[in-house]
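Here is the structure we will look at.
Which chain is which? They are A, B, C, D and E, in the order written, and residues in each are numbered from 1.
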């Protein structure tokens, strides 16, 4: 098979398992970001047309926004836990 | 050439099990985003690009709604647990 | 078979250098752009990493900067040739603005990545740049947080951007 | 890469027209990195290049189209601060 | 892996997610909390989306995903109102 797709697939499997196994919430987010990179690359390599590139960029921007929101909420959640304890 | 369906199926399974097993709100929502990534990969592997674009635009909206709900819910539970003992209920 | 592996390694080194230099030049490790990046920076510092490297990784997670720009340049170059890189720069600029980031790092990173891919388009095909960028981001984000943040902190200090 | 001489010419036209319109609109000359304001060099040039590339991909390039894209991109980057405002946190 | 058993695989994954999600929503860890139960309910709803995908129901899938986010808004609001007014 194509080595490019194989390396991206193995990296995505490694990152998927690492998301599943890490304990702390804030350390999961870099793995989620790496996962979004792998998924956007796989989408383009599967669909070679410019429409596939458009799908990949829309998916990447929207998942970066959601991981941004998650990181912001972790900060707020920590503030709530600190003040209320 | 068809690594995308395999990978997205694996990430759907992992995401689904992760949402169930993790107990904290934010962990659950991170696993939900992981599951959603698998779903969008699978939709793209069926060559439905417009459905995939709409689904990937709506995904952060759902995630943000859930995050705001979890935040407000945690805030409410904290304030209720702190004050519920002193303030009698009728004095709300 | 091993020619492809060599091409892959060269592409990942080029992508790694490109996005680290552009991001460090635009002051990403100095301060967290968004409040989410600060949370990640504090957490990485707690587990033994460098605070500036932590801010760098937090900024990569939270807003699409030069790393996303390089990836999008490779993707659009693979799909549409040289003009794709320019379209990627526009889209990454809009993505930066959506994530509350002035947008300098992402757009300049995309343009430099497009130029680099165009220069190497003779013997390295753009699809190797896509995998190279994924390997580069994996070494930064997915491999070992404490070591990566120390490395990024030392690079930022060397470039005098702290 | 199929860029004949005329194509680069079109990109040049759109960049030059966007910079000229930008100067006419009295945008700040010096780009500073942590402000959300649009200035002459930063968003104008890249928006113009991106829009020209999109126009070239969708429908052919023409001199008039390039000038229109230059004007539009200068206007867009003049009021970028109101289209995509930078939110600064209260805390 | 041609598209034939991709469709079959998607149906199996959809059924798997449905079963796991329903069991998790009922007997899952610490689901006496309504918001955690709502998050558990999302898994079978993604399973239903996969089933729609397997049977090539494009329009149904699109409307289902759109309605899903509005539904989450309604449920989250109901949970918070219930928590405020309950006790």
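By our rule, a residue touches a chain if its C-beta (ideal position, glycine included) is under 8 Å from a C-beta of that chain, and two chains touch if they have at least 3 such contacts.
Worth saying up front: this structure is predicted, and the values here are computed from it rather than measured.
Peer 1: To get from subunit A to subunit E along touching chains, fewest steps?
Peer 2: Minimum number of steps from subunit A to subunit E: 2.
Peer 1: Count the smallest number of chain-to-chain hops linking subunit A with subunit D, moving only between touching chains.
Peer 2: The least step count works out to 2.
Peer 1: So if I look at the partners of subunit B and the partners of subunit E, which chains show up in both lists?
Peer 2: none
Peer 1: Can you name the chain whose C-alpha mean lies closest to the mean of all the C-alpha atoms?
Peer 2: Taking the mean of all protein C-alpha atoms as reference, the closest chain is A.
Peer 1: I want to compare two interfaces, C-D and A-C. Which one has more contacting C-beta pairs?
Peer 2: Result of the comparison of C-D and A-C: A-C.
Peer 1: Quick check for the class: compute each chain's Cα centroid; which one is farthest from the centroid of subunit B?
Peer 2: D
Peer 1: Report the chain whose CA-based centre is farthest from the CA-based centre of subunit A.
Peer 2: Most remote chain from subunit A, centroid-wise, comes out as D.
Peer 1: If you average the CA atoms of subunit A and of subunit B, how many Å lie between those two points?
Peer 2: Each chain's C-alpha centroid was found; their separation is 13 Å.
Peer 1: Where the CA atoms of subunit B average out and where those of subunit C average out, how many Å apart are those spots?
Peer 2: Distance between chain centres: 27 Å.
Peer 1: Centroid of subunit C to centroid of subunit E, CA atoms only: how many Å?
Peer 2: Averaging C-alpha atoms per chain gives centres 35 Å apart.
Peer 1: Quick one: subunit D and subunit E, Cα centre-to-centre, how many Å?
Peer 2: Comparing mean C-alpha positions, subunit E is 44 Å from subunit D.
Peer 1: In subunit D, what residues contact two or more other chains?
Peer 2: If we look for residues of subunit D contacting two or more partner chains, we find 57.
Peer 1: Counting only residues that touch at least 2 other chains, which ones in subunit B make the list?
Peer 2: 2, 6, 25, 29, 45, 68, 70
Peer 1: Multi-chain contacts in subunit A: which residues touch at least two other chains?
Peer 2: Those would be 2, 8, 29, 32, 38, 45, 50, 52, 65, 67, 69-70, 74.
Peer 1: Is the way these chains touch best called a line, a ring, a star, complete, or other?
Peer 2: line
Peer 1: What chain pairs are in touch here?
Peer 2: Contacting pairs: A-B, A-C, B-E, C-D.
Peer 1: Residues of subunit B touching subunit E in their complex?
Peer 2: 2, 5-6, 9, 12-13, 16-17, 19-21, 23, 25, 28-29, 32, 35-36, 39, 42-43, 45-46, 48, 50-51, 54-55, 58, 61-62, 65-66, 68-70, 72-73, 76-77, 80, 84, 89
Peer 1: In their shared complex, at which residues does subunit C touch subunit D?
Peer 2: Those residues of subunit C that touch subunit D are 26-27, 35, 80-84, 86-87, 89-91, 93-94, 97-98, 100, 102-104, 107, 111, 118, 121.
Peer 1: Taking the complex as given, what residues does subunit E use to touch subunit B?
Peer 2: The contact residues of subunit E facing subunit B are 1, 6, 9-10, 13, 16-17, 20-21, 23-24, 28-30, 35-36, 39-40, 42-43, 46-47, 49-50, 53, 56, 58, 61-62, 65-66, 68-69, 72-73, 76-77, 79-80, 83-84, 87.
Peer 1: Any idea which subunit A residues touch subunit C in the complex?
Peer 2: 2-4, 7-8, 11, 14-15, 18, 24, 26-27, 29-34, 37-38, 40-41, 44-45, 48-50, 52-53, 56-57, 60-61, 64-65, 67-72, 74-75, 78
Peer 1: Report the residues of subunit C in contact with subunit A in the complex, numbered from low to high.
Peer 2: 1, 4-5, 8, 34-40, 42-44, 47, 57-58, 60-64, 67-68, 71-72, 75-76, 78-80, 84, 88, 91, 94-95, 98-99, 127-128, 130-131, 133-135, 137-138, 141-142, 145
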